[in-house]
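In what comes next, subunit A is part of two complexes: it sits with subunit B in the first one and with subunit C in the second one.
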Partner chain A sequence: MPAEVTEPLLVERFRIQGGDYEHGGDAAAQIKAIMRRLGIDPNIMRRLSIANFEAEMNLVMYADEGVMEFQVHADAVRVRVADRGPGIPDIELAMQEGWSTATSEMRARGFGAGLGLPNMKRNSDEFEISSTVGAGTTLRYAVHLA
Partner chain B sequence: MVARGHLIEPTACVACMACSRTCPTKAIRVREGLARIKYELCIDCGACVRACLHGAACAATTPPSDLRHFEYKVAVPSLTLYAQFGRDVTPTRVLYALTQLDFDAAYDISWMCEMLAGATDAYVNEGQGPWPKISVTCPAVVRLVQVRYPGLVANLVPIGTARELSGKLLRRRLSDELGLAPEKIGIFFITPCTAIMDSILSPVGLEQSYFDGALSIAEIYGPLLRALATAPPADALTDEISPRGLLWAMAGGEIAGMRDANTMTVKGPDVQYVFDRIESGTFQGVDFIEAYICPDGCVSGGLTMEGRYAAQRNIQKIAKSLGASPAVGEERIRRLLREDFFASEEEITARPVQPLGRDLREAVARQKELEALIPVLPGKNCAACGAPDCATLAEDIVRGEASLADCVFVKIERLEDDLRAREARVP
Partner chain C sequence: MRLTEIAGLLECEVLLGEEHLDTIEVRSCFAADLMSDVLRFSDSGALLITGLTSLQSIHTADVADLAAILFVSNKTPGQATIDLARTRNIPLLTTPRDMFDACGVLHRAGLALAVEA
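On to the complex of A and B.
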């Protein structure tokens, strides 16, 4: 059940470029550094980092460009990832474990095991996905602090 | 202050910033003309000791004169010691030569390494996550996890180290065998690095070290070389050395002795890259990671004499000349496993970096201040302020440990502004 969303204490935005494997993971790393300075519990930090890294790499692999927005609330850390890209035609299918459209190039880099979206959901306390084919995908997820 | 494996000698420090720039956890600041280690961030990797050209950042190993406090003195050398004298000097001769110095006896730990490979195999096969498991052999890696990767503490293998377990066995045995009170027996590790010295002074995973101190390989190298000249030939000596265990001196050696686990080795600066990735959920398919802060494992430790390439060649040749047969029977490993002999004695806890504030709100406020400071600072990372880079200075400022005026660029800008203002006032 989604907690009541309050006014964020802190908002940080990171631009992510599709196809930029070289910097893929940088946004997730910067968010982790911020959480470390804020004293976020290591376990919460780890769960959100796993989701962030998956989201960021999905964007790099499939979308043209996008933004990862990190919000700190009194009761949760929240992330919204919105991209401009091909979108996901069948979200239900994409949420199934093991389902992947990864190319062999992506697989060679260790991605495309079909664990991305389900893994993000597993590691967050709230998870929402919406997508328009031909326009893009938006993910919202959160890990509660308490 | 807790005693640590290395320190800054104030009279030798010239405040040059070499140590601060090289520190992988940004634990050193130079303020008021003196480098100071923030020990809460320090992982005791010894990078500052290597970088210091003035002998100010130095190892705090045990002075050899401390040996005289003990009636019976035992040396337990790091396997890396065997790699210091070329490939023709066998481990048995090195052990003998140690007894020609101030030690009454010297004991090998290669067979303990071989047993630990078996114990680690058994632990990994139990199949309990989180994955991958991370080796605790390198004490600097353990500290890195505690300080920088608190979320990975649960991945550390809850098994003791070859050195401490050997020390434990010797403590048990020697007191009985010699009929001496335990406090009269001094057991000293011969260390290739500051991190192990540190792990003896401030142990992690056990309440108290089984060692009374550690002498550096570099320090005893000269006397040992002389003693080796008179050591009997190898075939006259009978100590049991494990060729498989010997390989633990170098990166890759630990996993070489493991049976069927899916393993990998990481070392040097790559450790932080890989740990960052593990925290983000990658490397899930790996069962076990051996990790070393030094670029090639223990043979490249900062307190060694032989270069790391030659040392690796030496250790491989020596291991090869000993043959491939295991030195330890499997039954012995199984028996010790049943006794829980290998288990670490205390849980390893996270020691995360102090947050920016006392609570989330204060920390967020300071994070915002920090972000506002970044564009104000020149971004040249010149380190003249005493922090290794601009981002670290910004963090120090919001923590109240430095001021914006510490930045020489900001200071010059202010002076120029003052000057212009004064000139404008002149009629």
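On to the complex of A and C.
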């Protein structure tokens, strides 16, 4: 996976609170609004927005708190999501479609099908995940602009 | 098919976006209560048919660039959900028909399944 070689042209950070379903989706929406103002291609905007919303809901559902950092580079839109939370013991398993530890509350809210992480990867051109059990999870993903 | 025609076929109550129903053209639909499925499988521009009235249904329609939301079984979202949809310009309709019936009517009327290529 290529390293971030360029300096970002724009950086915006959004704090996300675990358990806050009322605001779950606000960060993804604000990032989408920024991309729209910048005139980012609609398909690129859609792919990153879907990944962002999946990441944001995962954080709301599973973590205590976290930050979503959006960066615009000359060649890509990049996002880093770092949370403080339980972490993921088996990332390979969590990346499989259909594998989920969702509660009935999460499912009642329309989530927890075990599709989120693989769908983030699917909508990204670069995707990395690292996690420490008992500490938290960090996601980095990007959609290329060209 | 314009949203106006869909609203007529399904005897919908228009909760939001009445003024846009004549101009929004829908060719395909995606029906699910699980937003994970919508985010994973639905194509953009679709009409979302769902029984989920939470805020997340609006966020899902917004990030996935869906045309409008049709709530089934007379389900009506709370004011916070309607207010969020207003800020995102997402028309909301509700029909007395259940999910199976609503889908059947729209399928017979020529609408297709909105699945990403």
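Just a few scattered comments:
Note that in this section the second predicted complex is superposed on the first by the 143 of 146 C-alpha atoms of A that agree within 3 Å, B and C clash if a C-alpha of one lies under 4 Å from a C-alpha of the other, contacts with A are read in each partner's own complex, and residues count from 1 in each chain.
Methods note: a residue touches a chain if its C-beta (ideal position, glycine included) is under 8 Å from a C-beta of that chain, and two chains touch if they have at least 3 such contacts.
In this text the structure is predicted, and so the values were computed from the model without any measurement.
For the composite obtained by overlaying on subunit A, subunit B and subunit C cannot both be accommodated without a clash.
By the touch criterion defined above, A:R37 lies against subunit B but remains apart from subunit C after alignment on the C-alpha atoms of chain A. In the superposition on chain A, A:A142 makes contact with neither subunit B nor subunit C. Of the two partner chains placed by the overlay, only subunit B lies in contact with A:L9; subunit C stays clear of it.
Touch criterion met: A:E22 reaches subunit C, while subunit B stays clear of it.
Of the two partner chains, subunit B is the only one that A:V72 touches; subunit C does not reach it. Contacts of A:A55 after superposition on the shared chain: neither subunit B nor subunit C is touched.
By the touch criterion stated above, A:V81 is placed in contact with neither subunit B nor subunit C. Contacts of A:R46 after superposition on the shared chain: both subunit B and subunit C are touched. When the two structures are aligned on the shared chain, A:N119 is found in touch with subunit B and with subunit C. Stretch 152-160 of subunit B is the one among 8-16, 62-70 or 152-160 that clashes with subunit C after the shared chain A is superposed. In the superposition on chain A, the residues of subunit A touched by subunit B in one structure and by subunit C in the other are 25, 28-29, 32, 42, 46, 49-50, 52-54, 110, 119. The part of subunit A that touches subunit C in the complex is made up of residues 21-22, 24-25, 28-29, 32, 42, 46, 49-50, 52-54, 57, 107, 109-116, 119, 122. Residues of subunit B touching subunit A in their complex: 150-151, 153, 276-277, 279-282, 350, 352-357, 360-361, 363-364, 366-368, 370, 395. Residues of subunit C that touch subunit A in their complex: 33-37, 39-40, 44, 52, 54-60, 62-65, 80, 88.
Of all the residues in subunit A, the ones that touch subunit B in their complex are 9-10, 25, 28-29, 32, 34, 36-39, 42-43, 45-46, 49-50, 52-54, 72, 74, 110, 119, 123, 145.
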